[in-house]
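Presented below are the structures under discussion, each in the form of structure tokens.
In what follows, chain A forms one complex with chain B and a second complex with chain C.
Moving on, here comes the complex of A and B:
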């Protein structure tokens, strides 16, 4: 249907890492420190562990049909019409979250860097490169991710090195004060933003990968590396800023970067560090947007997804201005409606899929063999 | 008014880029879907530019998921 696109498993690894880090690097420390105080970093470890299980489940589903995307799998297993309904529900998730992330990037730049520029202008710039990326195709996205990855990890390393002297170990004591139930509850935020939403990656995995077995490992390792970055950031936030301050900040890791001050020489480098967040945000956004555009094209059986990119960019742009009237509303939605929505699309529907696949396995196999 | 003209200009550019190649390749279905999404986008854009409220999809989702939210996440 589409022209043959293939990316290799290293490029895929980088994309998964960026997806996992994505918005989590900005928001997770405060969300975790809110309920679990100084034990937020332990919660992050638990969240990463659960997240890996979720990713394993996704790869298990994806490998039933190694040449199909998630939408085609849904249609194959649920049948044509129910499959289409399920696919439409699935597509509405990346569509909504693209605009959500667009709001987030605009909001972040607006509050911290360019307070006199209207958010619309910042969002238009972001949509510009978003549409450009999707228009140029998955290979271009993957290659640019590879290039920026080097910069990302260099900057992250410098960041950790420079902030390390500020760590006050008293801030993380006493360890294990919070009970396990609370930890599991608040780790849900990390699990959902980093792993459950990764269901959209099933639009490129495994259909667009040249070596599926290796790619599966990349998926898991990428999620793990992203999780480790989140754990480090959470630990640093709590140990440098203290649990209360971390919980009260909207962007604690940005506050963290402001604290960097080495030898009266390296000061105020937070804007440099902000490029880290913009890069990871951009790649998370583009994976969502790609899944949206490509998903719509596949549900409607179009020959090319590209014509839809720009009109959808327009729609996403407008939605990003409408979706959250203010930050308080956003914070509330993040932990209620978006939880439910992500869990329905990312856990409930795949489980249903697995159930029906188990029942229909024999007839599906027969169908597949006869069509060959 | 200026904003509306701006949006229409953007739409015109998108039209100019996409439509000729679609017509050339004779992709009828793609053209229809493209026009549908373009008109949705332009419509939403103009309504937003004129300052009229657009129904928030998040409110709709909250309405659907409220029972779930109340049971688990509040």
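Moving on, here comes the complex of A and C:
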């Protein structure tokens, strides 16, 4: 019954956009401005460019076997046992990152809106809709993404329009002060959160898409659109708040929304704007979670992944409470351990995969043809 | 599963909003805050709205605001300690004014601002001002006419005077902090002080007479070096400061007529452009000011029907404004030795490489750098009349 699920390339496009924007919209501006100051937005452009290359690389891998998910590809190429180990390492990434995002959503609400609410309560609610979404399946997720997408971009447009009068061009001058090496280094954060981690989307692409060719284009375009949103947000943060303040804020784009004040009338609407982040956060989280649940089901050769949703939801929730002892630790972990982890799972293993595929290409093709 | 979901949904109804609910009648809405340093401790004063007095219907004639005060080793501690005198928890989300006592300003304002930038309840869109010759608590203790809430009066006065007179400058916490942390720019803040008999200022009788016996007014700009108050600009210098930093919206400037008497020019459009450059290895800044204005009043005998007169007036204005700007720059360079104009940043923007080299010695470089000021006025209109009636009066 898993085979019947298909989403179209537009729905896929929307999912990819949400995944790319995800948490980056909240955190990337400060991460980029930290080292590259007023040139952060250029760094964002570089990061988006590199990200597109990474995505191109992923689609290249995925299209070797257009009907298989990433886990099946891994097992096919590496062989059953090594493949399984590699798959388990792969699954640990979305599992961990679902919890990480869950922590972030709770942490965001705790910091800016509800400081006395225990995080567990906020996370239970979030996990509730997470489990519900995955349980109802990919098609439901995709359709709801389509609906919320319209709202997301309307709100984003209004946001940009309202904050635009506050832009001060002096804040982004001098342009190109930072050298390219620093920019490349800083852009790594964006490349990893937005593109390298997108390897989990290979659990959907191309196996669950009805038109693979178009979907490949959607994957790239989605990543690009998401990247543009990040570039805009970074530019706005730096040009409105200034580089130093952007780097110092934990959630610079929320601070940005606080600055909106049009005619002493449209103001204090940052909470409305926060819904933007909650939406994109949710879809990124659900894609991670879907990859986790579905991945485990495939490794264990289960017919249906659904029985796993509830227990994994509980695991993810508990993990989200213990994963980081405090926010400082989290920020440190993000740029140290999680960097390496993402790079291993998202770049190193796929490269290894490509290498072995190159060696075993002929025998694999034969195997595939004979099985048909 | 569906049933589980329903249970979950129902549960979620009960799970939300219990912890962080805050009712309006549990909050002490703080509109102004004052910070002073008293014997090594921060003394925090909060001006809190009395809700029943600001409602239209049932005000009983008591003061619309009340003050709470507490001391603490940190500002945050003092803020929480305030609950020992306030029946409700201090809620600073609607803060309009932050007043800093002069003594504290001289010692350095950095530490006291840290909480305000970190706390989530505070938005950083309130104005920060310095109490001149007074403690912040004394400033907050004066009742005001027209706006019954003194914080609103302070906020609006600053806003209007900034827009139509331009000798003050409304600086929000964000602006202040970004001036504090950026190299090549030191902050200024508007000053505030009390005239008249301040002892009667806090009572309601103060505003019952036509002329209140104590009044709050704005003084001109306070000059900072890093986060320490080093001195004050005069009125002319404050306007000069705003000329340089492009923060004039409209203003009125009086100029001397060619012979005797005065005329006044109303500034309608204003734009000032600051460009840094390096001339023979030394930093230089060009300030280019373009003004459009109207002849506001002519209190002397000139013939406004002649185009030459307009040109003459333009020349005089340009010369006089340039003089007062030069005066401002000299005061900052020679007397206070602090770059309040952001010339350093202008150099940074134009010559980032040289800036890196001279950044460390900027304070010395600033004091003897060359600033070229250019003022260009274009007079457009002369109001509703052309020739002044004073002219016929004389004849």
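Methods note: the second predicted complex is superposed on the first by the 370 of 372 C-alpha atoms of A that agree within 3 Å, B and C clash if a C-alpha of one lies under 4 Å from a C-alpha of the other, contacts with A are read in each partner's own complex, and residues count from 1 in each chain.
By our rule, a residue touches a chain if its C-beta (ideal position, glycine included) is under 8 Å from a C-beta of that chain, and two chains touch if they have at least 3 such contacts.
Small disclaimer: the values here were computed from a predicted structure and weren't measured.
When both complexes are overlaid on chain A, chain B and chain C end up sitting side by side without clashing.
Within the superposed three-chain model, A:132 lies in touch with chain C and out of touch with chain B [touch as defined at top].
In the superposed model, A:258 makes contact with chain C only, not with chain B. When both complexes are overlaid on chain A, the residue A:228 reaches neither chain B nor chain C. In the superposed model, A:244 makes contact with chain C only, not with chain B.
In the superposed model, A:341 makes contact with chain B only, not with chain C.
Once chain A of one complex is fitted onto chain A of the other, the partner contacts of A:114 are limited to chain C, with no touch recorded for chain B. Touch criterion met: A:173 reaches chain C, while chain B stays clear of it.
Taking Cα centres throughout, chain A sits at the apex of an angle toward chain B and chain C that amounts to 110 degrees, reported as a multiple of 10.
The superposed arrangement places chain B and chain C with a least CA-CA distance of 5 Å. Across the two superposed structures, the residue set of chain A contacted by chain B and also by chain C is 310.
Within the complex, the chain B residues that touch chain A are 10-11, 14, 17-18, 22, 27, 29-31, 33-34, 37-38, 40-42, 44-45, 48, 54, 56-58, 61-62, 65, 68-69, 72-74. Taken in their complex, chain A has these residues touching chain B: 96, 296, 300-304, 307-308, 310-315, 317-319, 321-325, 333, 335-337, 339-341, 344.
Remark: chain A residues 111-118, 121, 124-125, 128, 132, 135, 170, 173-174, 177, 241-242, 244-245, 258-259, 261, 268, 310 touch chain C in the complex. Residues 1, 4-5, 8-9, 12, 15-16, 18-20, 120, 123-125, 174, 177-178, 181-182, 345, 348-350, 352 of chain C are the ones touching chain A in the complex.
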